[in-house]
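Read the structure below first, then the notes.
Chain lettering (A, B, C and D) follows the sequence in which the chains are written, and residue indices restart at 1 in each chain.
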Amino acid sequence: MSDFRSDNTHGASAEIIEAIARVAGGTVASYGSDPITARLRERCRELFATDLDILPVFSGTAGNALAIAAMTPPWGGVFCHDEAHIHRDEEGAPEFFTHGAKLFPLPSRDGRLTPEQVARKIDEIALEGRTAKPACVSLTNATEAGTIYRASEVRAIADVAHSRGCRVHVDGARFANAVVSSGESVADLTWRAGVDILVFGATKNGAMAAELLVIFDRSLTEELTIRWHRGGHRLSKMRFLSAQLDAYLADDLWLRNARHANAMAARLADGLRAKGVELLRPVEANVVFARLPRVPEGATLYEWALYGEHVYRLVTGFSTTAEEVDAFLARL
Amino acid sequence: MSDFRSDNTHGASAEIIEAIARVAGGTVASYGSDPITARLRERCRELFATDLDILPVFSGTAGNALAIAAMTPPWGGVFCHDEAHIHRDEEGAPEFFTHGAKLFPLPSRDGRLTPEQVARKIDEIALEGRTAKPACVSLTNATEAGTIYRASEVRAIADVAHSRGCRVHVDGARFANAVVSSGESVADLTWRAGVDILVFGATKNGAMAAELLVIFDRSLTEELTIRWHRGGHRLSKMRFLSAQLDAYLADDLWLRNARHANAMAARLADGLRAKGVELLRPVEANVVFARLPRVPEGATLYEWALYGEHVYRLVTGFSTTAEEVDAFLARL
Amino acid sequence: MSDFRSDNTHGASAEIIEAIARVAGGTVASYGSDPITARLRERCRELFATDLDILPVFSGTAGNALAIAAMTPPWGGVFCHDEAHIHRDEEGAPEFFTHGAKLFPLPSRDGRLTPEQVARKIDEIALEGRTAKPACVSLTNATEAGTIYRASEVRAIADVAHSRGCRVHVDGARFANAVVSSGESVADLTWRAGVDILVFGATKNGAMAAELLVIFDRSLTEELTIRWHRGGHRLSKMRFLSAQLDAYLADDLWLRNARHANAMAARLADGLRAKGVELLRPVEANVVFARLPRVPEGATLYEWALYGEHVYRLVTGFSTTAEEVDAFLARL
Amino acid sequence: MSDFRSDNTHGASAEIIEAIARVAGGTVASYGSDPITARLRERCRELFATDLDILPVFSGTAGNALAIAAMTPPWGGVFCHDEAHIHRDEEGAPEFFTHGAKLFPLPSRDGRLTPEQVARKIDEIALEGRTAKPACVSLTNATEAGTIYRASEVRAIADVAHSRGCRVHVDGARFANAVVSSGESVADLTWRAGVDILVFGATKNGAMAAELLVIFDRSLTEELTIRWHRGGHRLSKMRFLSAQLDAYLADDLWLRNARHANAMAARLADGLRAKGVELLRPVEANVVFARLPRVPEGATLYEWALYGEHVYRLVTGFSTTAEEVDAFLARL
């Protein structure tokens, strides 16, 4: 069986399970005052080479919606890609957490926003005056189209945002894949490029259920902590969430998992190209869009009508094997 | 060290960790379409001896707020105890998820509402006409005061609620402790007594982070599923939540853990009484309120100003040992 | 002076002021239980030739947002024109009253939606599944572009909406202008065409501040009455609102005023065309879009950047005079 | 007929109607940029002897909810009297406009809060930590019980509020009656006493539908202006609202009307006392609560079950006549 449905159909890395097991005994302070969470914060400060705050959450939807709500008043405007998960896949979570902000979905072929496009739309809305108050620019890196933003691209968009009074959110559900693909540092891809909050995903890349709000603009933390609690996203036994994230960052597990997933996607893409299959988007992370004559027996994957007829999305994960890829290609 | 701060300072039962480890490999459908979640649903139908729907969540605050929102329009009224977790400890989560409903906190000494008290308040609000539309009665079982409702008491309150157009929610953060203490069946304590949704807690009783919305009024499920997703509470790798709950219910782990915690609380209460310490509430579950001259060295616990001067709350958990209890008593 | 800024820069018809003065004495029941409101309801039932409910409000923004909220859950989708007042000019009022619904603005050159366009977008969103639940189609008649929908066009769109589980709202800020222009009956343009709620505007056409929610789908009335009150839109001295609307509908004042405004717009358009000025949209109501080399002295009007460089919007009202129009044309 | 149901069953003063008629012709800028609104602002600055901002609205519910929302985050706490209109009569408008804040209704016999009571409750909630963040203290002056706050009493409560990080709102639906009764200046009763926003009522005292947000803490104005628009409370033809308020304040109409209403209430109270009728609250404004054996023929008034059996509320207004009062007393 070759399962390319999503990276969230995969299980969890052994290191993550072991970390959970290791912290399961004894009593510790609840709600985030435990030593594991403290260690995680230190690890993040080192990794990102800056002071920052963290709030662990269980789901990416929660992380994104909380981050956006921290930046956006109920009458605010959020500028994002038309295929953004926050717009397409969250049943309106950003609208819920912001109490009614307006998303402005912007189209592009490769899932990336351009600075010009963002500037033009913000300026249009600001000129209208009564549509919404521009408040937040939201990027997904790696994008929903399987491409990535490089640090310079993030920087260019963040400059546009900040110069117009907006803050910058990055949906990093596949941030590890973008880091590996770009070869750039997490600092360069985030706060040095002007990102205010990163939602650093771990679930899709080997954790059970763990995402991390990495807050670079620390003026947002106090209110965000209330929203986090009020939204039901502050775990009492926080250690079980922090331990996943701590193990994820320790010994470069996150990089190893992402490198593997990206390599499997590249292998898949190479194989498809070799067979003359049309790939609809550049393959820069762990997602491949291909026009397939038919789905080979023994494979599971999703059709992607948004990109045209007979188009499928193939996602590789940390536990995808080369055998799965090759078997898929062989049976095509 | 004797740690009586809360049952959420405890870790997780070995069975829970093993269950997690067991399901960590391979790919399965995400967002709840996996076989572990299906098995959990079947297990619940058997345990409760009725048809029902389930939605797993990872926090009790989320479970409660979602359940209440499913029953209560934005202009609705929720009738609960003045010490209810939903009113006192959730930063307004029910108000957030309902989009502004009004809680009517009702006082009593032992944490329990009476049918007469609930009837009187609902009737007053209904008569006023423009305060709120009575919509939901929320009980906590076991209560925040460490007492329990018996099935007949739940029934009497639910009858009052239903006859006045309200639905009934049970915050079951310590439901296992109430079941064990009452000796009554889960069916008798819930749907047979008129409960519409139970939030069945596992976190405080040995899970890592797992609560279960048990929906007896299945007309609420469709909309609740959207709210669940939109609130960021629908896990992609649901298996890791369902596996915890499945192991919790298998082989009576939940009952064994709760029996132990209750026994430790009884041992503590007996010891305190023997030493002439005043207990402020009946000890019917795993929580003890005591007026202590001082906190013994090596013990951690919370002061409970709401109940008077020098009053402390002592909570036992699944991993509390008799030694801890005895050491505490000895050092008092 | 020629003032073409908007129809809301005009004052109020003498008949409206006289009606207010007539009901100013004595005491009557408040909050809508007065005889003037009862008479207004009867008048509406006759005019629309059907049973219906009414809720008078002071502002069009309120009327639209309330109507849409009555049809749309917090996770619902609203399909409207990209230039719709509800999207562009209300600071997110629909998002506020619905608690976070999502608007899907659809472009077109003449301000009108087509049934095909609406069907395509609803189907796309329904297929995506997690973006929003299609709930409401909102039309503006006359449109923001100064065009009108005929009954058959409304019907075609309403059929698309209803067959896909959506209800239909009409923003009738300039409904009188559309009725006069189409020559069709109010029944044909609304409930017979499938409209569920009309917000029947009077403010822009000679009232001081008065709009009427005309509710054809009476299953929406009970909840809408609560939202109306909760939003601060239920006047205590309702007679002063109902009297305006009653006078507006009596003796065809609304039709006379709209006929005059439309005639003034036609006169303006004819004069502009005669001078070789480019008109950017068909002139079917009381709004003219023209590319002007310069704004003549003594004239006030708004630039309309959305439609291009040097484009201006010219709106005529019930108190616009032929002299104003001619003076404007002369000075051009 | 003697109509004592409410001051909102009365019509409008001749001066108000004349003012409306006077501004009905010609075109002026809409949405509040007109000269009448500018004049009203100047008049208010003189009357209150300070710099301030104003936002006219047409309902008291809107005014209160907007003011409270400007001071209170979604997770904030609002401290008010248990009989406050904002809690009892607005279908949850404050919860709607604040996006879910929590009201803490405090009881007292005479409708007035005491500084001690407010301090105690704020401190309790602040200590709990997770119930709500104390944000706003809301007073009604004159109170719902027909009593008034003197400037020193407002000051004492405002000091408690400010020292605990809360702002102060005054629901002044019957503010004129309080001013007349206290003999104190509007400045002393508001900003000099620490009030941040007053909702200055005119509707109950002779206007058609007009209330004024008087904003002393001008840091709140910018955001409040957006909420005002987004709530559908910003009139396009603002002149018709501002003209009412301007006439209300001109030539002391507001004081004359309130003096008359208060005098009629005093006459009623004296007559009732003379007949041995029990009055349940001090009569300090234009509201009388009396235990009546029966309702005299020809009289309309509301029973007030909250205050006991056979208790009725009698409200006098600007158009109540001495004959009405005397006829009522005679027929008792």
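Simple rule for what comes next: a contact is a pair of C-beta atoms (placed from the backbone, for glycine too) under 8 Å apart; a residue touches a chain by one contact, two chains touch by 3 or more.
Keep in mind the model is a prediction, meaning the values are calculated, not measured.
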Margin query: With contacts counted as defined, which of the two, B-D or B-C, has more C-beta pairs across the interface?
Written below: B-D
Next item on the list: Could you work out which chain's C-alpha centre is the most distant one from the centre of chain A?
Entry: D
Check: How far is the middle of chain C from the middle of chain D, if each middle is the mean of its Cα atoms, in Å?
Finding: 33
Check: Could you state the distance in Å from the CA-based centre of chain B to that of chain D?
Finding: 42
Checklist line | Interchain centroid distance [CA atoms averaged], chain B/chain C, Å | finding: 50
Checklist line | Interface hub residues of chain B, defined as touching at least two other chains | finding: 74-75, 90-92, 96, 99, 130, 226, 229-230
Next item on the list: Note which residues of chain B are touching chain D in the complex, please.
Entry: 74-75, 87-92, 95-96, 98-103, 127-128, 130-132, 305
Check: Which residues, counting only chain C, touch chain D once they are in their complex?
Finding: 3, 5-6, 8-12, 14, 16-17, 20-21, 23-31, 57-63, 65-66, 90-93, 96-97, 203-204, 208-209, 226, 229-237, 239-241, 317, 319
Item checked: For the chain A and chain D complex, residues of the former touching the latter -> 73-75, 99, 130, 133, 223, 226-227, 229-230
